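Pasting the structures here.
In the two assemblies presented below, chain A is common to both, partnered first by chain B and then by chain C.
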Partner chain A sequence: MLLRHTKKEVADRKALTINPAKTCQPIGAMYAALGINGCMPHSHGSQGCCAYHRSSLTRHYKEPVMAGSSSFTEGASVFGGQANLVQAINNIFTIYDPEIIAVHSTCLSETIGDDLPQIVANAEVSGKVPKGKKVIYASTPSYVGSHITGFANMVQGIVKGFAQPGIKSNDLINIIPGWVEPSDMAEIKRILSLMKVPSIMFPDTSGVMNAPQTGKHEFYPQGGTTSKDLSRIGSASHTCALGKWASESAATLLSKMAQVPFTICDIPIGLKATDRFLMELAKVSGHEISQELEFERGQVADIITDMHQYLYGKKVALWGDPDQLIPLTEFLVDLDMKPIHIVSGTPGKAFEKRIKEICATKDITPNVKSGAQADMYLMHQWILNEPVDLLIGNTYGKYISRDMDIPFVRHGFPIYDRIGHSYFPTVGYKGSMRLLEMMLSAIMNKMDREAPEERFELVM
Partner chain B sequence: MENRALLKERENHILIKESDQTQISCEKPTLAGAVSQRACVFCGSRVVLYPIADAVHLVHGPVGCAAYTWDIRGSLSSGPELHRLSFSTDLSEQEVIHGGEKKLTAALNKLITTYRPKAAFVYSTCIIGIIGDDVDAICKKISNVYGIPVIPVDSVGFQGTKKDGYAAACNALFKIIGTEPVTNIPVCSINILGEFNLAGEAWIIKEYYQKIGITIVSTLTGDGRIDEISRAHGASLNIVQCSGSMMQLAKLMKEKYGTPFLRVSYFGIEDVALSLYNVADFFSDYPEIKENAKKLVYEEITSRSKELDLYKKKLAGKKAAIYVGEAFKAFSLIKSLRSLGMKVVLAGSQTGNTEDYETLRELCDPGTIIIDDANPAELSRFIIEKEADLFIGGVKERPMAMKLGIGFCDHNHERQIPLAGFEGNLNFAKEIASSLCSPVWRFTKKQSGGTK
Partner chain C sequence: MIEDKDKVMSKNNEAVHTEIKEEILSKFPPKVARKRDKSYVINEPGTGQAIQANIRTVPGIITQRGCTYAGCKGVVLGPTRDIVNITHGPIGCGFYSWLTRRNQTLPEKETDENYMAYCFSTDMQDENIVFGGEKKLKTAIQEAYDLFHPKAIAIFSTCPVGLIGDDVHAVSREMKEKFGDCNVFGFSCEGYRGVSQSAGHHIANNQIFKHVVGTDDTIKTDKKFRINLLGEYNIGGDSFELERIFERLGVELVATYSGNSTIDSIANSHTADLNLVMCHRSINYMAEMMQTKYGIPWMKINFIGAKASAKSLRKMALYFEDAKLSEEVEKLISEELAVVEDEVAEIKKRTAGKTAMLFVGGSRAHHYQELFKELDMKILAAGYEFAHRDDYEGRDVLPSIKVDADSRNIEELKVEKDPDRYKERIEQSKLDNLKKKDPEVENYIGMMSEMEAGTLIIDDISHYESEQLIKKYRPDIFCAGIKEKYAIQKSGVPLKQLHSYDYGGPYAGFKGAVNFYKDIDRMVNTSIWSLIVPPWEKEAEINADYISA
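On to the complex of A and B.
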């Protein structure tokens, strides 16, 4: 057993993170940048950061991931990385010809005090940025927050680089989807088109990180929010920002820069969060919730009524990113399940509060922790003390699942060992159906596997 | 994409055998913005030391470096599996400002009391190189408290290339070697260096040596154990595979303990056989070893030749592109592919040196593109230009090959079947044949020739 060393007693542990439930900011910035059409992400730091982020995203999406690096050396770290970044910008535009370069910093460049706005301004002044092209940037120190913080910071960088005040177009809505899968972004766009709401989603990795086989290695696949659309975000009548952690800061900045009002919605996972999202959309756009969506909602309810007996009372442990865990926990509670252990490496007291509130509606008092040492070691300790019937989270749950024979549904980032997340959404009513299917299959497969012969049922 | 110009500074890093007589440019820091496939110093250290399974590996810095290297390398262990867990000091802004020494000390205390490891490695990441924590002093102190080696690994990301990381790892290992007494080690004994037991390859290699009558003192570092490593100086010979990563250690051991070393490779029938014979020749006072080796090679080859011929038929005349970390691996791959009837049209490495590229040039057919520190633009361009049917590379190159519609073989740390030894050679043939001949290619597009 790989996790045999885990001690059941939860003792004070402040300095050591074991099996983290988060990673660092820059990868989030890279993922966000990939959601802009014709954009080359660029990592201002050592070569390794960029290589690790590209590898991780490649493992998760099975897609080529292009990104540049400032390739810091000892010299750059002493004298500052300005020369490297300016040279990189020049090289990238010369050879890779992107529309946009999205630069993010790293722990190294932050600590030596490189000033991205000033370096980028220098590159522009010295003619390294061709006419009509753009360099946007975000400060993403790895020692603050998590990958989600980095994502949020780059989305802010997008707003900063593109937003301009404009004449408000009556029903144009901005959607900031937060860190969700390309399949989720596509599903949100489908919902919007069903409701005939004109919208701009940014970033949008659909068609980028789930691109088809074409016989070509496309450095800039078809998907991603276009510069043209980004230049109009200031003209939207409203912004729906999904997820406080990943999207709030960008929506706030946009409201300051271009007076676009905004609402923070939960990512529409599960019935209630999807209901709220659709109602908010209807409210801000003046469009009606379409019949098709009501039909799908009925289908979700139908599945739950049919299968409730397999769900009720089941204890669940889940980990991942706060914006996803909140609606997911709410959905589990609505399914009559018991989310009892919840961990997020991304810091946030508000997260713990929301989770407790949601659970309190069903008199559940969960173990919940976020931030430092909210890691998979702690999760394992909690499960050892109070076992669960289902695990929901990223690939790193597979050790606990195997050691303790607990059904496991993969959700979140990263998923290195299964496919599906790129293509099938977990948001909206369609996504609820998929979550139900995955959870039920996991639970019922175990029942089938372990039932004594006389109780092994054909019909379930 | 294929017609993108090359970066001017990159032109000297690429040569075509025969038409270019100039020497290749290599061993240079990566050009900023070139989209290199290279990694950093930390990465080099981490991959070399990672397989030591009864030690804890603590990454000192912000969480990312520990998170990205958590259990991503299939270095198998036959016993403890501490190496597959991820430990980080997870430095926050306050610690970056005020220093991370206190946290490192506390983390080590917690780690050692929880896991009771045989040793601890402490990796310094970029940040440590800037804030200047005295990692050496802390390691020394903790080592004294617990009586186990606590070894600082000087792997600050920006202080060089992946190769410097290998060197830092070798220096760390060198501190452990010689710390245990050597008794009862027979004369015909070796250390296996540069073998990381990916998909169990070290086990295959060890078995060969044991069968021909040679004792293995330690494997560095595949399925590695601290007590074996501490006795490594008792072996009569070091055999070094993947020379880029472990030559430094072989040289250090030769200097201090007088242990001679041999360079070997376990990829491709030709090289495996040659390696076994060379080691046997070293122990020429024991002629039975050479006899055993001959017998083993004969049996291993003949028992598989029929099946191998099946794949050879499928592979004959196909063209391969190779891009690997260490140039040494490319040498073996070229020979191995040639023995399968294939032709190599592109050969490159992340970190080869001048000598490596000269050897590559000698080995390659005329017209072959030889490339140092390549980027995806160059790789896809030459794959299309040279009409390669197969790409051999690592994680970042795989989806590129798939998009281009050609076969792929992971010869890096994500391989799940062993590719070393005679058995591995057959697996290799089988894997590339199955990838090349997959029915999926009937449904896909390929830029260099339309739909197949």
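On to the complex of A and C.
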């Protein structure tokens, strides 16, 4: 048993986190910045932060993740990191020639009180930022929130750096997709194009974090939101912000800066959340929901009616980020499955409330916890007390899955040990089909493996 | 591009390298170019060339390097299975170092302590930064103790801890006294302490030496030959292969630092009679301190490469001066090499003449050259990520290395002979004699003297420099780490990860050598590289050529 020390008896912990279900802000900021075309993310801290974030994102995507670090030493930590950052900005523009540098802070630079706006202004004044180029920034202290908070903060940084009030174009919608996979971003764009809704999505990592092998390394791949598009986000008639945790703050800022109204939608995972998203799009754009999408919806419903017997009543434990877990839980409930253990390291009381409301519609009272000590150790303890039929979450779930022989669907961040997430979406109706396929395969593979010989089925 | 490669390959001369170097450096701001220039050497063995190493990274250059915490918690302490390692800091550092270095570990019994799959953190919040985190740390240690009753709890400081002044050592002492049956010790390994992971290795060595080594004097077996293996971290099961070899020879491995290790084995390791040093960079401090305090001689060895492994075993046998052991060693070598040579003879047909570059680690860029040589491949260039000058130039250079402000941060322990536990393992005259025969007894000769003249050596290479080397030299394989892997591969050159082995291995010892040969054969000869350009584009190219001709 790899997790042999997990105690079944749940005791309250006040200070010790064991097997976290979150990570720190700066990695989210780095991921968001990778979704801008021609942008180089920069980590203002000691170089381990940057090395860890690059390694983690690289393991998840199996793609180059190019980013700079201010490489603090003790001296910089004592005297402030201004000199390091100004030097880094100069070096990055000289050597790597990006359009934009997106600087995020770290626990180190936040603790010593480095003032990013002031340092960046200083770099601009001293001529370290070439004409036509831009440095944007976000404050991302690792000791507040989670990787999702960092993502949200950098998206705000993008708005701050680019948004300008403009004459509203009735036919332009902003989409803030939240922390989803490049495949999900591409799928949302496909949905928009099927509905013929002109839109700007930011950030957009499709084409960046799932780039093709061509024999030539494109330091700045074709994908990513262009600065030209970003300069128009203030002219959109509406912003659809997907996910309260990752996208609300940027949408709010944009509405303040450029009077673009916004709605917070759930990430369109599963039937109902996708339905709501499409209806919202139809409402704010005046365009109809396309027949192709209705066709795909019918396919999802068809799979569910065909395979319901394998899903009905199955207990599920899931962990990850609140914006994903809410619609995912709703989908599971709609499949007549029972999400009974749910954990997110990202803090937020509203999360627990939504999950409980969703589960209450089917009289399920789940174990749900977010924030401090909402970790995979607690999740494991809950499962030891009430076992489940399916696990849904990031790669770290494989230890519980193996120890307890529970089918496991990988979803969320990070996924270090399988491919697929960057190419095949889990949002939209197409994504629902993929989720169904993954869940059914996981459950049915176990049935096949464990069926006694006389009851081994050919047709299922 | 190809023209450059042909030029280099045919002449391999200094002028070509210099030209390429100048071209690379010309991209940098002048100050950066001047600094980077000193990290380049065109190798001329025996001429006493100096290379710049272990100095501050250039901000924004895109370095391979990580931080002090990573070197301490991730590298040195990570592989020991039964210490509860608590990261004191915000959640990220603990999260990123959770299982990602793939140190394998094999407890003897299912019930033995093994915390390898667990990550422990104080998950510091803003109020802990403002009001101090010691209280939370104490509570966290208490909670870990109550839940697991481990033998040991280690505390690792992350960047903010040092800045806000949390005293992890005082907290550790207090909790250790309180528990009475649990060794609690701390590491001031904040990420900014040094210029790379290397500072973390040193800090780890110091604290393990102070708090663990020498705390258990019992000798648990009656085996005649008792050794420690230092600087072997069981990536991909390397330690398992070496354990197999030592077991066959009847040599007791008292402790490995720290692959597949337990805290008890380290506590007992001062009773061994010889220290074999694999990764000089990360563990040489321990070898020296154990020599001074307990009288254990050390040798630099290398178990990467079949021939290097054989040489290392012979060296050990020579030290013990035992005919039976020497006989066993020779028997083992001939048996193992027979298998290896059959394999390599077949594979060599496909790898001979191919070229490699290695930019990794603090010893791997040196050690892995052995395996490439066994495949008849040519090393075009090499360099370390976080090594010091002695790892390049040899330890003879140590007295002339100036201690700068960054190195001065790291405590140098004052070590003296232990009045009770110091024991002369071998007569001084015999040791001197061994040293005369072998330059790597209590010494390391470094990478440069073992590389061919005219090869390029670059310390702390940046992304831009790697990319240019790929363009200019088109090696058949490039060795580095996960951050470099896909950028290089997208350029059409396979990259072998020498930190994580691309999830393969073991590569150490004899069986490991064969695994490596096979992996490299697969990588340099895979079909995919010929399939990248779509056939219709190839056709278009041919047509275009035809028309233009």
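Definition applied: the second predicted complex is superposed on the first by the 460 of 460 C-alpha atoms of A that agree within 3 Å, B and C clash if a C-alpha of one lies under 4 Å from a C-alpha of the other, contacts with A are read in each partner's own complex, and residues count from 1 in each chain.
Here is the rule we use: a residue touches a chain if its C-beta (ideal position, glycine included) is under 8 Å from a C-beta of that chain, and two chains touch if they have at least 3 such contacts.
These numbers were taken from a predicted model, which means no experiment stands behind them.
In the superposed model, A:Ser193 makes contact with neither chain B nor chain C.
Within the superposed three-chain model, A:Ile92 lies in touch with chain B and with chain C [touch as defined at top]. Once the two complexes are overlaid on the shared chain, A:Gln309 sits clear of chain B and of chain C alike. Of the two partner chains, neither chain B nor chain C is touched by A:Asn385.
On chain A, the surface touched by chain B in one complex and the surface touched by chain C in the other have residues 2, 5, 7, 13-20, 22-27, 42, 45-49, 51-56, 58-59, 62-74, 76-77, 84-85, 87-92, 94-96, 106-108, 111-112, 141-144, 146, 211, 213-218, 345, 372-373, 396 in common.
The touching residues of chain C, when paired with chain A in their complex, are 27-29, 32, 56-70, 86, 89-100, 110-111, 113-126, 128-129, 136-140, 143-144, 146-148, 158-160, 162-164, 190-196, 405-406, 409, 462-464, 467, 481-483, 485-492, 528-529, 532-533.
Taken in their complex, chain B has these residues touching chain A: 1, 4-7, 29-43, 58, 61-70, 72, 81-82, 84-93, 95-96, 102-107, 110-111, 114-115, 125-127, 129-131, 157-161, 376-377, 380, 395-396, 398-400, 402-405, 444-447, 450-451.
By the touch rule above, chain A contacts chain B in their complex via residues 2, 5, 7, 13-20, 22-27, 42, 45-49, 51-56, 58-59, 62-74, 76-77, 84-85, 87-92, 94-97, 106-108, 111-112, 141-144, 146, 211, 213-219, 345, 372-373, 396.
Residues of chain A that touch chain C in their complex: 1-5, 7, 11, 13-20, 22-27, 42, 45-49, 51-56, 58-59, 62-77, 84-85, 87-92, 94-96, 106-108, 111-112, 141-144, 146, 211, 213-218, 345, 372-373, 377, 396, 399, 416.
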